[in-house]
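Each of the next two complexes has chain A plus one other chain: chain B in the first, chain C in the second.
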Partner chain A sequence: MAYSDKVLDHYENPRNVGTLDKDDPNVGTGMVGAPACGDVMRLQIKVSDDGIIEDAKFKTYGCGSAIASSSLVTEMVKGKTLAEVEAIKNMDIVEELALPPVKIHCSVLAEDAIAAALADIKAKRAATTKATA
Partner chain B sequence: MQLDFSNNYFELFELQTVFDMDVSVLDQRFQQLQRVLHPDKFASASDAERRWSVQAASRVNEAYQTLKQPLKRANYLLELQGLMLNEETDTQMDPMFLMEQMELREALGDVESASDPFAALDKVSTQLGSQISDSADAFLASATSEDWSQARTIVRQWQFLEKLRQETKSLEARLDDAET
Partner chain C sequence: MSSLNIPIYLDYSATTPVDERVAAKMMECLTKQGNFGNPASRSHPFGWKAEEAVEEARRHVAELIGAVPKEIVWTSGATESDNLAIKGAAHFNKKKGKHIITMKTEHKAVLDTCRQLEREGFEVTYLDPQEDGLLNMAAFKDAIREDTTVVSIMHVNNEIGVIQDIAGIGAITREKGIMFHVDAAQSPGKVAIDVDEMNVDLMSLCAHKVYGPKGVGALYVRRKPRARIEAQIHGGGHERGMRSGTLATHQLVGMGESFRIAREEMAEENIRMGQLRDRLWDGVKDMEEIYVNGHMDQRIPGNLNISFNFVEGESLIMSLKDIAVSSGSACTSASLEPSYVLRAIGRNDELAHSSIRFTMGRFSTEEEVDFTIGKVREAVTHLRELSPLWDMFKEGIDLESVEWAHH
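Our next item is the complex of A and B:
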């Protein structure tokens, strides 16, 4: 199967590969995995106090489309608010990368990774609010 | 020769529909069926009978491939329970498990640059092998006590281990090639 140029670009030059400190109260970590292909994806976001995503890192073990989807996501989320990021849907990724139907599940994985990272940062913030209240 | 296509794969080989099986019995029954269904035996048969034998042989083959591999067998047992893995749409897994998987994949990625790649690979293979055998044990326990929801969780995790095992195998082949 031929990959689109955009997938190849992200696959060959992945953006923002790496790790943020998962214990940092401003970092949300999302870990997801797809049993069908055994792909594992970690997406981390660093959120400022006023709710803007300052940094994002990913690490993905999987096919080219899964790597490209998560690489693209790190670019998409930077500078956005939590609410804006929440609105990102897998079809945005599919369109941007021109993913074929058989690879749509890779974009679903990336969307789920965003949701998991958001849930993590929200849980962390809720815990801190409670602790200081 | 009677072959009931409404039988499940286990019944096709006259085996009990359980995870724990003697693979040598499966092998033996498979060979018997293959002999019975061999195209030579149908050389002078009617078109309908020949068509039937081809269909039956392919069904028997599929059944054998499914039951022979423990993970596929486990998957098939879940399917018989009407349980789907939702492999592509359900990405929620135990984060601790995924973290561990990530670490194992990182370790595998470091193998080639290790001072002794074979020893490094061996370490990953051993850990993986014991996790896979734990999965098989845990699946057997859950299936036996008919805790199918737990059995499903185990199979979903097992899929990741199996994928990594295949990658370990192909890395091993690459290292062997480089050696010679």
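Our next item is the complex of A and C:
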């Protein structure tokens, strides 16, 4: 199967590979997928007090398109507000990477990873607000 | 001096390049100056000469498997041979019984043929292999019924290279009077074949895995005791009525020559393949979390199928773009299913998704193997650095205990 140049670029030079401290109250972690299905994505975002994503890291087990999708997502979310990030849809990833139909599930997974990371940070913030209240 | 040609071909079980000696012989059978006649033309020397070449090729094929030339029926390849053998024998014996036994790790040419027969009202038992890929003989014996008419078991598995005990199965089927078909697409030139010692009734063969051309194969059909099959392709009554169609002289001559060379060079070639395979394995075996799929000794020497845990097969293949190998993970095709062969031998989905099949052949070199070792180590290390599963493994988390969100 032929990969687009953008997929190859992200695959060969993945951006923002790594790990943030998942216990940090400002870090949201989203892990989605399953090994049995052939892909697992872990997306982590570091959110400032005023709700801006300062940093993002990923690690992904999966095909080239899954790795490229998650690498792209880390670039897309950096510097954005939580609300802006929430608006990112899988079709944005499909278009940017020119994913073929059999690889659309990779973009869906990436959207799920964003949602999971957002849910995690929101839960953490709700818990701290409650604790300090 | 470097003789490395990139990309390196290590997918000899998918197909092989035609040996130059074979190609030279084939080219003599095409043009006006060559042996172009129709082997079925009885009325002039063009036909006689073509027939002579075809019969010589038939002898070479027969000799490699211990058969007599009259037992060789030409076909278009192993897929057609599998269809002809299994449907042909099942249809011929349908008054006697309608039960067929095969294995879950067979090639699709056998499995899909059996599925078709099920639609026609036959019953098929698909036996599980053992973890090492081999047939469990006790389970096989238990599966035999009064109405079992055909048993189809492959000689060498295309994915994991394991060699089934064909003689052991043949002794049982012969005693019970059941027709025994063997898909031997992967074995000529790699494992000794003697259809008499093995008590095989029908055997599928093809040329393109043995440095011959694509598009040609043969079916061995035993004469004593006679294996009876119903033809699937009707026409001019060629090949004693079992397979009509004008014989493709150049293709058959190519198959004959490739089998002749295979017979002569097999012993030496197998020693070299074994050395290359061991060299490859020695170069990677100290890596963590890697698993050989299939029995390590009861397999052809040129095959090494390895699962690299926590690395996904398709991305690994992408990283190994300088090396032509195949993956047990079929993500590259439309289906996202991991290899059914690896699932059948009990590998979990992760390991099935993480497998690479390396198959070496006549033109493989030590230099190519060394280059491959370096690339594989580099790619696996890189992808594990990207893998959250590898992180978890290193943290001591049992992946089986994690609740995954299946999608």
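We take it that the second predicted complex is superposed on the first by the 129 of 133 C-alpha atoms of A that agree within 3 Å, B and C clash if a C-alpha of one lies under 4 Å from a C-alpha of the other, contacts with A are read in each partner's own complex, and residues count from 1 in each chain.
The definition used in the following text is that a residue touches a chain if its C-beta (ideal position, glycine included) is under 8 Å from a C-beta of that chain, and two chains touch if they have at least 3 such contacts.
Everything numeric here is computed off the predicted structure, so don't read it as measured data.
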Open item on the list: Touch test for A:Val17: chain B only (first), chain C only (second), both, or neither?
Closed with: second
- Message: Just checking: does A:Cys63 make contact with chain B only, chain C only, both, or neither of them? Give me first, second, both or neither.
- Response: second
I'd like to know which partner A:Pro25 touches here: chain B for first, chain C for second, both or neither. neither
Of the two partners chain B and chain C, more of chain A gets touched by chain C
After lining up the shared chain so the two structures overlap, which partner does A:Gly79 touch, if you call chain B first and chain C second: first, second, both or neither?
neither
*May I ask you to decide whether A:Pro35 touches chain B, chain C, both, or neither, giving the answer as first, second, both or neither?*
both
| said: Once chain A of both complexes is superposed, is A:Val102 in touch with chain B (first), chain C (second), both, or neither? | reply: second
Next on the checklist: Touch test for A:Tyr3: chain B only (first), chain C only (second), both, or neither?
Outcome noted: second
Both partners, chain B and chain C, contact chain A at residues 31-38, 40, 42, 59, 61, 105, 108-109, 112
Within the complex, chain B is touched by chain A residues 31-38, 40, 42, 59, 61, 105, 108-109, 112-113, 116
The answer for chain A against chain C in the complex is residues 1, 3, 11, 14, 17, 19, 31-42, 59-64, 66-67, 102, 105, 108-109, 112
Within their complex, chain C touches chain A through residues 310-315, 318, 329, 331-332, 334, 336, 338, 348-350, 353, 385-391, 399, 404-407
The answer for chain B against chain A in the complex is residues 85, 87-93, 95, 98-99, 101-102, 105, 155-157, 159-160, 162-164
